[in-house]
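Take a look at the structure below.
Going by the order they are written in, the chains are A, B, C, D and E; count residues from 1 in each one.
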Amino acid sequence: MNKEKDVIICRCEDVTLEEIRELIKRGYTTVDEIKRITRAGMGPCQGRTCRDLIIREIARLTGKRVEEIPMPTFRPPIKPIKLGVLAESEDD
Amino acid sequence: MKETEILIVGGGPAGLSAAIEAVKAGAKVLLIDDGLKLGGQLIKQTHKFFGSKEEYAGTRGFKIAEILLSELEKSGDRFEAITNTTVTGYYADDGVFGALTGEEKYFKVKPKKTIVATGAYERTIPVPNCDLPGVYGAGAVQTLMNVYGVKPGERALMVGAGNIGLIVSYQLAQAGVKVQAVVEAMPKIGGYWVHASKIRRIGIPIYTSHTIKEIHGKEYVEGATIVQVNERWEPVEGTEKHIEADLICLAVGLSPLIELLWQAGCEMRYIPELGGYVPVRDREMRTSHPDFYVAGDAAAIEEASTAMIEGKIAGLCAAKSLGYDIPDFEEKFNAFWEQLDSLRKGPVTEKIRQGLPKAIVGEAYRHA
Amino acid sequence: MGGWIKEHPILSFKHGRKVKFYVDGKEYEGYEGEPIAAALHANGIKVYRRSIGLGRPRGFFCAVGKCSSCFMIVNGVPNVRVCITPLREGMRVQTQMGKGEIR
Amino acid sequence: MLERTGVPTREQIRGVTPPQEILNSKPVVIVECFQRIPCDPCHTACPTGAILEFEDINDLPKVDWSKCTGCALCVAKCPGLAVFVVDMTYSDKEAIVKIPYEFRPLPNKDEIVECLNREGVVVCEGKVIHVFEPFKDGTKVVSVVVPKEFAMEVRHVRVVRKDE
Amino acid sequence: MKRSAEVVIIGGGIQGCAVAYNLAKMGCRDVVVLEKNTIASGSTGRCAAGIRAQWGTEMNCRLGIASIEIFENLSEELGADIGLHQGGYLMIAYRESEFEQLKRNVALQNSLGIKSRVISADEAKELCPLLNTEGAVGFTYHHRDGHADPLLTTFAYAEAAKRLGVEIYSFTEAVGIDVNNGKVRGVRTNRGFISTGVVVNCAGPYAREVAAFAGVDIPIYPERHEILVTEPIERVSKPMLMSFSGNFYIQQRPHGSFIMGYGPEEHLKSHALNSTWEFLEGMARKFVRLLPRLSGLRVVRQWAGSYEMSPDAQPILGRVEEVEGFYISAGFSGHGFMFGPITGKLMAELILSGETSIPIDMLSYRRFQRGELIREPAVV
């Protein structure tokens, strides 16, 4: 049994360690590329849990230092907000 | 849109201390915290703090939160705190923050200065079934048992023998949970030895040079296999042990929570000794963005004691930058740094001493 | 399994009012104003949802509303973070299967 | 070894144990603190000046045993729960160990409890003769009477009640 | 890195990757794509990725339907899922004059074989039961319009191109184009020089800067547009909802999330990509008015991207006459993703044979000098 299959890296989108390793091996060695292909980090948690894990995996498999791996951007809103709540914000 | 002189994001030890100092200096402060109660991690800390009198040594964390809050009660209308509210983003075009209370109220804040005291978030580890219910962050377990009085499980396995892992193991035992073992991948215990001794004598084994290999269970955690690791962190075949547990508690490190600083375009540096990416700052705790200050775990993963002093520095200096006349500024500023230096002098803070020079620019930022 | 801590050497817990709530139709008790997740945990309920892709069980994890693990349907609204949502009398909580629906 | 196991070595214990003549003369403190960490409440809690002032807050505590009365205020105050009092003068065969205790249930006076060593192993039984809470902050100090040969071993007690 | 190539493409978005793939497919495999960041990291990866044939000019209708035909078989052709969802575009008119224009568009579209049609409010509600049709005066619909995943599509093109021998260099920025005697000689990059006789400018919002490397001035400028996306829910809305007077587009993607945007009164004309709270709130108000029952849906992310604007909001396609070997495929003004499959093909045809299967002469950048601007009535 392949244990990597059961290692969930991104909880929001159910992306496994196996998928991430596969992409790194294919030459996708930035968090952004892996995110764009797998959606890891695009879920409601904004990649808080998986970003570090992916960076560490890239560093481990490529021999790069963490600081050499570009950080993805941190987009607002940091916490999901209901559209209806936003719509009621006073316009100023 | 709410306006304020100083916005403090985060009401933990750093944020509360920053507020106290800024208000003392005469500034108007708005503090926003995402917890249901103020105090950050302090409210779940049942152990007594280290440090010296200035940092309330010998007092339990949740009591320190009460002390800081009672101090703030004296501030009158210069201090406002909003809880259960997440600062959802910084909009650089016009320097406005979005904020969300609960899920139903959204508003905006435009401050003159901002102190980011957002703390840290818990890391996790990639092992099979690490997403099963029953695998929790140590902080989450503390919240359940120490804030809400819920017994988080019957039998626990703790991963990580840093201070958090050791302290939470002890707290689990206090809550009546049987802690089966503490595993630590490093060859040495990372936390204070007194904490380790404390849990050893109540019967909790500590396995250093061990890691968790696999978590078992279908619907929720039923146990785990631990294994010894060699110097290259590789598992040693044949050393597997099965541990029965319905709770796996991860205390494998913290990362600074600094989304707002990234959004503000502050210069960041990856400094592993300080916990990962942290903002570059000067001795006033001011970042490369002239309106942003930082304190506490958001600046470097350290202890609550240093977080409180950094908060005081940030609060003091943010108030000064607004033009408030603080006659004893130099005296206070120097005293705070002396306290910090003294807390960071020993062998347990060696990593911090190596990391800080990489994060602190020597001169104060010469912001226009 | 679980339950509330009855006696603690350091802490005394000031719970809110005891209220009834429902999980997948079954009645339980919890304390008003405390996170739904605390009440679920105390009642021994650990699986809150099934994940979107692989249908894996998910539950409580970060306790601070930041990880997305604990989404449930509360009073018909999906994706509610039960670890930070206060419990109210009569709340109807449902296990969320996948993405959740708005109808 | 302590850094790997959490259990101090015999040498380390010997290093913080007062000379025999002092041990035989009065109740006295044993500070099992072996790591330089920023911390000094044991000193500030001491009413007699037996735990000396720290030059550097990271220093290991230093004890002037001549001044120590075995009052155990430091036992209750130490954030690391690393301070104990041993009284070898209790009787011919028995000694008192004063231990910080933060668990439930609390032992009753005269209750027989299990006594554990630094590795969490039950080494003997002991009789609780006193439980007090000097700072009213949740940390109790339990005085337990144990056979003298275990006085330097016993560092925790466990309440065992059949009916519970 | 290669030191020479037959064709060097600057820009690794949908245009660059589609041109590269089509060149290789037609037999020209000595192709290099230079991308200063990573594939699809610019405008492509930031777009809402609607695809439609409901246009108001013949040129755009032809390009649109041709692109849709390619999209329909693209997953199969490239051997990777591109996340295609053909739920149609539901165009909503709130003014009579606008409805008249939409009807004229439908007539034009029908004459070109596009089976769009005017539909009733009841039919609109059948397509999107949660839609609030209040204030709407008319609707048009084309069932083959829809959405594809811009990231998956671009990566699929890139991977397919690589399999055919194309080299794609990430983090490789073009910093100059060497031109000698009116001919392209090569491209200077931050990682060295690549000699080539053919350069294709697919640099999107940076197309003007890249053209300037070759001494050519093209009137393309970046314009900040914002977008937001919600958490996913089970499908409740099939078509892309779009209105010119209502000024919005809203689409539920196959993944379940809603993606949406609108144009504020004035766009920031710079490469800046900050998000604004004004957009977040303004978009929310539009959404809630249109789909009130979904007001509990949560926004998980907002971001900005650059439209690569040309003066008439139409692409600049073709060869540059003053510099032999220099081609442009840019200026798509917000529609680069949906046209990518067809323009990628046409550019490859042009480079290899000098001819294109759909005439694109009118899209030459010379139109601005000649004052022959195109008027497309169907844009947000």
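Before moving on, here are some points about what is shown:
Just so we're on the same page, a residue touches a chain if its C-beta (ideal position, glycine included) is under 8 Å from a C-beta of that chain, and two chains touch if they have at least 3 such contacts.
Predicted model only: the values in this text are computed from it and were never measured.
Between the contact lists of chain B and chain D, the overlap consists of C.
Where touching is counted per the definition, the chains common to chain A and chain E are B, C. More inter-chain C-beta contacts link the pair B-C than the other of B-E and B-C. Set against the Cα centre of chain E, the chain with the most distant centre is D.
Ranked by how close its mean Cα position lies to the mean of all protein Cα atoms, the top chain is A. Between the Cα centres of chain C and chain D there is a gap of 43 Å. Chain centres here are Cα averages; for chain A and chain B they lie 23 Å apart.
Rounded to whole angstrom, the centroid-to-centroid distance between chain D and chain E, based on C-alpha atoms, equals 74 Å. Along chain D, residues 102-104, 138 each make contact with two or more other chains.
The residues of chain E that reach two or more other chains are 231, 275, 280, 294, 296-298, listed in rising order. For chain C, the set of residues that touch two or more other chains comprises 8-10, 51-52, 56, 58, 61-62, 65-66, 69, 79.
Applying the touch definition to every pair of chains gives A-B, A-C, A-E, B-C, B-D, B-E, C-D, C-E. For chain D in complex with chain B, the residues that touch the partner chain are 2-8, 32-41, 44-45, 56-58, 77-82, 102-104, 116-121, 137-139, 155-156, 158.
Interface residues of chain B facing chain A in the complex, by the touch rule stated above, are 1, 34, 86-91, 98, 100, 103-108, 121, 123-124, 126-131, 214, 255, 259-260, 262-263, 268-270, 272, 276-277.
Taken in their complex, chain E has these residues touching chain B: 274-277, 280.
Considering their complex, residues 7-10 of chain C touch chain D.
Residues 38-41, 45, 151-152, 155, 170, 230-231, 255, 275, 280-281, 284-285, 287-289, 294-303 of chain E touch chain A in their complex.
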